[in-house]
Amino acid sequence: MPIVKLVSEYFGNEEARNLKWRLEHGGYEGARKMFREMEPSKVTEEVILSNLRGLGGAGFPAGRKWSFVPQNTDKPKYLTVNADEAEPGTFKDRYILEWDPHRLIEGIIICCYAVGIHTAYIYIRGEYVRPFERMQGAIDEAYEAGILGEKTLGQDFKLDIFVHRGAGAYICGEETGLLESLEGKKGWPRLKPPFPALVGAFGCPTVINNVETISHLPNIMMKGGQWFADLGCERNGGSRLFALSGCVKNPGVYELPLGTPLRELIYEHGGGILGDRKLKGIIPGGTSAAVLSADEVDIPMEFESLARAKSMLGSGAVIVLDETVCMVKALHNIENFFAHESCGQCTPCREGTMWVYRILSRIVDGAGTPSDLETLKALAENMSGTSICALCEGAAMPLRSFLEKYPEEFEYYVTHKRSMVEDLQKDSVLV
Amino acid sequence: MPTLTINEQEVTVENGTTVIEAAEKLGIYIPRYCYHPGLSLAGSCRMCLVEIEKIPALQISCYTVAQEGMSVSTDSQRVKKARQAMLEFLLSNHPLDCPVCDQSGECDLQNFYMEFGRYDSRFLENKVKKKKAFPIGPHVMLDQERCILCTRCVRYTDEVSKSNELGVFNRGAHSVIDLHPGKTLDNHYSGNVIDICPVGALTEREFRFQCRVWYLETQDSICNGCSRGCNISLHFNTSRSHKAGGKRILRVKPRYNPDVNHWWICDYGRFGYEFIDQNRIESPYVKDSSGLQMADWETALEKTAQVIKDSLETSGPESVGVVVSPQLSNEDLQLAHELFVEELKLTNVAVENPWEAPGVEDDFLLKADRNPNRKGAKKIGFEGDAQTILEKVSSGKVKVLYLFWHNFDSKEALELLQNVEHLIFQGVNWHQTAEVAQIVLPGVTHAEKDGTFTNFEGRTQRFQQALLPIGDALSDSEIIVRLAEKVGHPLSVSLKEAAV
Amino acid sequence: MSTTFEFTSDNQKIFQTILKKYPKKRAAMLPTLHLAQHQQGYISPDVEEYVAELLEVPVVDVHEVITFYSLFSQKPMGKHHIRVCNSLACWIRGCDQVKEYLREKLGVEDGEISEDGDFSWESVPDCLGACEMAPMLQVDGYFEGNLTRDKIDEVIERKKRK
């Protein structure tokens, strides 16, 4: 399938950030059309029809999430756009923020109109400094031009958009962790229910959507929900950004229709494996997703197929692992991340992530034993379904899948005290 | 009022009741750390996970609200396995301190581990190192390695004492609970964190290494520190006097009473038990030319009776003054009233020490009145302060002063007392006033008798005897009954009834 | 020796605009701390007291926040702070050698400040969100990727001149 240029239309175009240029190239057309032709409830219906899924990780249907917000409430409602992009391997939202911030603003206008929201916060991870500057610049331009404020796009609809910078915590990408951080506290996720649609930011009904999810809305308004749904595949509407990295010749952001085979992404668009080496495994949706073995490379990249394969489409971050990558060390790297990012609130995650990391460190240092592998499997099970939020699952899924799909590498390491692919690793050198 | 089934037993509960509370109604105790009925919900320890029909994942019972028709299992294989898993996680970084940890014997980590397992450890790593055993306040010791991060103490300082000294710092397995740098846990209610800490992370400094908890006996009592009348439990050791330097009372813990003190007690009450064992008057004393000499009860009481009878004869009832104490029980005061007011018809009778500095009062538990039974005394008929009486002592109008408990240690009071002809002191601790008395009679503390105190609201509460009277001390009731006989006015209560 | 911290008059104005964005004062915590760290270079105890007072929250809550988030530092850093990404894609593409080279070039270990105070560096396990240019680092907040020895030399020279 060919590359699609919908949300990524202006990636790489230095002029797209400029409001004047952007207005001449379709900027805010979708939102204007919506104001002219649609009632708010019709907008939500159209988004439900489009099968637009949450593109930050969970894949929850966006329109359905909006419909959970009570309409008959006298509390203010909020939108928080999740730009905390921190799932390892993910860098696609960064492109939207850096290259086409006005598209995001337009998407925010559409969502807020549909749900009846007048204040939106964009939660940008603290490490994204240039994206923050560009986003804030676009917002300032939008206010100046009367696109935002008391009369959004000249309509009788007030909308304020504020950027809230994070300060370096992956857990603030979790919905309720984000809300806690927005409210000025440490990002400890909340117990659910109540869900944010009922009780979210400052105790008020809140919609939380990923940057990319929101950024698809202008096209959906222009061309209709059915068009978007048809572009994708069953239950997965439209296209999405894939962030391709790892052992590929052409790492980068690729927009493709949902359902595109993984093989195509890696070989056709990504240029294939570095040095034309052999594929060993693929992480299909950020390191929280279970790893796929090389023979699963024909899987269609859409939510349900990945779920059936016991993995997930997640954040669309595809990390390619070839024959020179030691799977034991790769898992060790992944679990280091989770141990570092666990917020520490609940028992299984706080203790489990650290324990798993220390076992793997010992194995990597050559002091592992076969019983360690049994312990790791048991820990993966004990860390599933017992925690407050999904970070713990995110640590358990790679653990389980690496052990399951590459047992020979783990067994080799604990028996021989070194990596099975040690000799192949002379390749990754700093030039 | 939903009806739900827990372990195949039905129970009907109020709307809003959580599953953990509903289970308690059936006598089913679901293990928990972070849940405490006096604090907000954290839902973070994950110990109270239960299986609920039709819900795929296990749910925490402290947070799940009971619904009509819900079917819960607290002892299925899945639940047992999850409990083992959580305990294993908590024990992974927990130091093997049991042999030196004061919490041993009343530790929820030990108790749940013994009940649920896993009994063979598979943790082979180095444990995360944190700060060990350092004081965070005058009464509390913190050991961060033992902490299981249930956050009860942090929520306590946030919501109950509202003093905000504690917080959870850092992230992940490096999370620690600590004081805000530069602060001390020195609010009036700091000791309660010791009770709510399920493990030995927060421990009592006064109790540190004093005695193993399984050597302690307990008895229900009422605090005598102020007029709130917090319900307490006295913890004492009398069978192993080689421990803790022979101290009998080793600690005081609050008892739950939703109408008086809930789960809490202030630090004055919690740590104010030393007077029960220290500096006690253990025998009657009578003063002669060379000072106070030990005497036996017969002699002391005979002398006391003589002094009173003589003064009544020569100078009438106005010449004998009595100052009772709001530290005495209702039972003691009843008898004192019978003897001194009804029988001997004395008129110079008072109960208050006007020079006693009022304590701190706040909107939580502390009352300014540092005595437990002022209201009780008033109801029985004792009122007024001792100033007038002491002035009459000074002017010679009152020749005999029978004084209970009070320490008149102000300059003014001592001057007035200087020329008293006969001062009879009945109390428990040595102090300035006791030492200038001619006759000293040892009474007992509330720990050494049964009785009641009436708190500032008019609530009469029972306390029970924990210890035998120290040395040769007798209960105040018994002293009064014996004295009454000797002055020729036997009371309605028999000696047997008055004795402990 | 830190004296009592206060926002500059410019930062006072910025703080007032920050406050307007939120319905509750506490929500201004992160942006206020960013502003303070930008002014002083790190968060000292008197910054915590100052911010706690401005936002009307207990000071322990501020301390919880600054120890929780990776970007707040309780110690001064070098004039230019470098963060090297260690996440999976960067590890695959050679971040270990980047760290080795930085250690050599700057003469200090992970987490330390160079002798002349110009640079400090740390290696972070979090993915910085730039895997397409792995291996990469972040200096003064901006990303430098597709690193080679020459590229690292160039970045350091450029920063030294500032």
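Note that the chains take the letters A, B and C in the order they are written out, and that residue 1 is the start of every chain.
Methods note: contacts are C-beta pairs under 8 Å (C-beta built on N, C-alpha and C of every residue); 3 or more make two chains touch, one makes a residue touch a chain.
Small disclaimer: the values here were computed from a predicted structure and weren't measured.
K.L.:
Let me check something: if the centre of a chain is the mean of its CA atoms, which chain is farthest from subunit C?
P.N.:
Centroid comparison gives B as the farthest chain from subunit C.
K.L.:
Decide which interface, A-C or A-B, involves more C-beta pairs in contact, and give its chain pair.
P.N.:
Here the pair linked by more C-beta pairs in contact is A-C.
K.L.:
Need the CA-centroid distance for the pair subunit B / subunit C, whole Å please.
P.N.:
51
K.L.:
So what's the Cα centroid distance for subunit A and subunit B, whole Å?
P.N.:
About 56 Å, centre to centre.
K.L.:
Determine the centre-to-centre distance between subunit A and subunit C, using the mean Cα coordinates as centres, and give it in whole Å.
P.N.:
So the centre of subunit A lies 24 Å away from the centre of subunit C.
K.L.:
Check each residue of subunit A and list the ones that touch at least two other chains.
P.N.:
169, 186, 340-341, 343
K.L.:
Residues of subunit B that touch two or more other chains: which are they?
P.N.:
As it turns out, subunit B has residues touching two or more other chains at 168, 170-171.
K.L.:
Please list all residues of subunit C that touch 2 or more other chains.
P.N.:
Expected reply: 61, 64, 68.
K.L.:
Under the stated contact criterion, what part of subunit A meets subunit B in this complex?
P.N.:
169, 186, 191, 339-348, 350-355, 358-359, 362, 371-372, 375, 378, 382, 385-388
K.L.:
Under the touch definition given earlier, write down the residues of subunit C that touch subunit B in their complex.
P.N.:
Of all residues in subunit C, those touching subunit B are 45, 58-61, 63-64, 67-68.
K.L.:
Which of the residues in subunit B come into contact with subunit A in the complex?
P.N.:
For subunit B paired with subunit A, touching residues are 41, 43-47, 49, 57-58, 60, 63, 82, 85-86, 88-90, 92-93, 122-126, 128, 148-149, 168, 170-175.
K.L.:
Which of the residues in subunit A come into contact with subunit C in the complex?
P.N.:
Going through subunit A, the ones touching subunit C are 76, 85-91, 93-94, 125-130, 162, 164-170, 181-187, 202, 243-247, 251-253, 283, 287, 317, 319, 321, 325, 329-330, 333-334, 336-337, 340-341, 343, 428-431.
K.L.:
Which residues, counting only subunit B, touch subunit C once they are in their complex?
P.N.:
Residues in contact with subunit C: 158, 164-171, 180-183.
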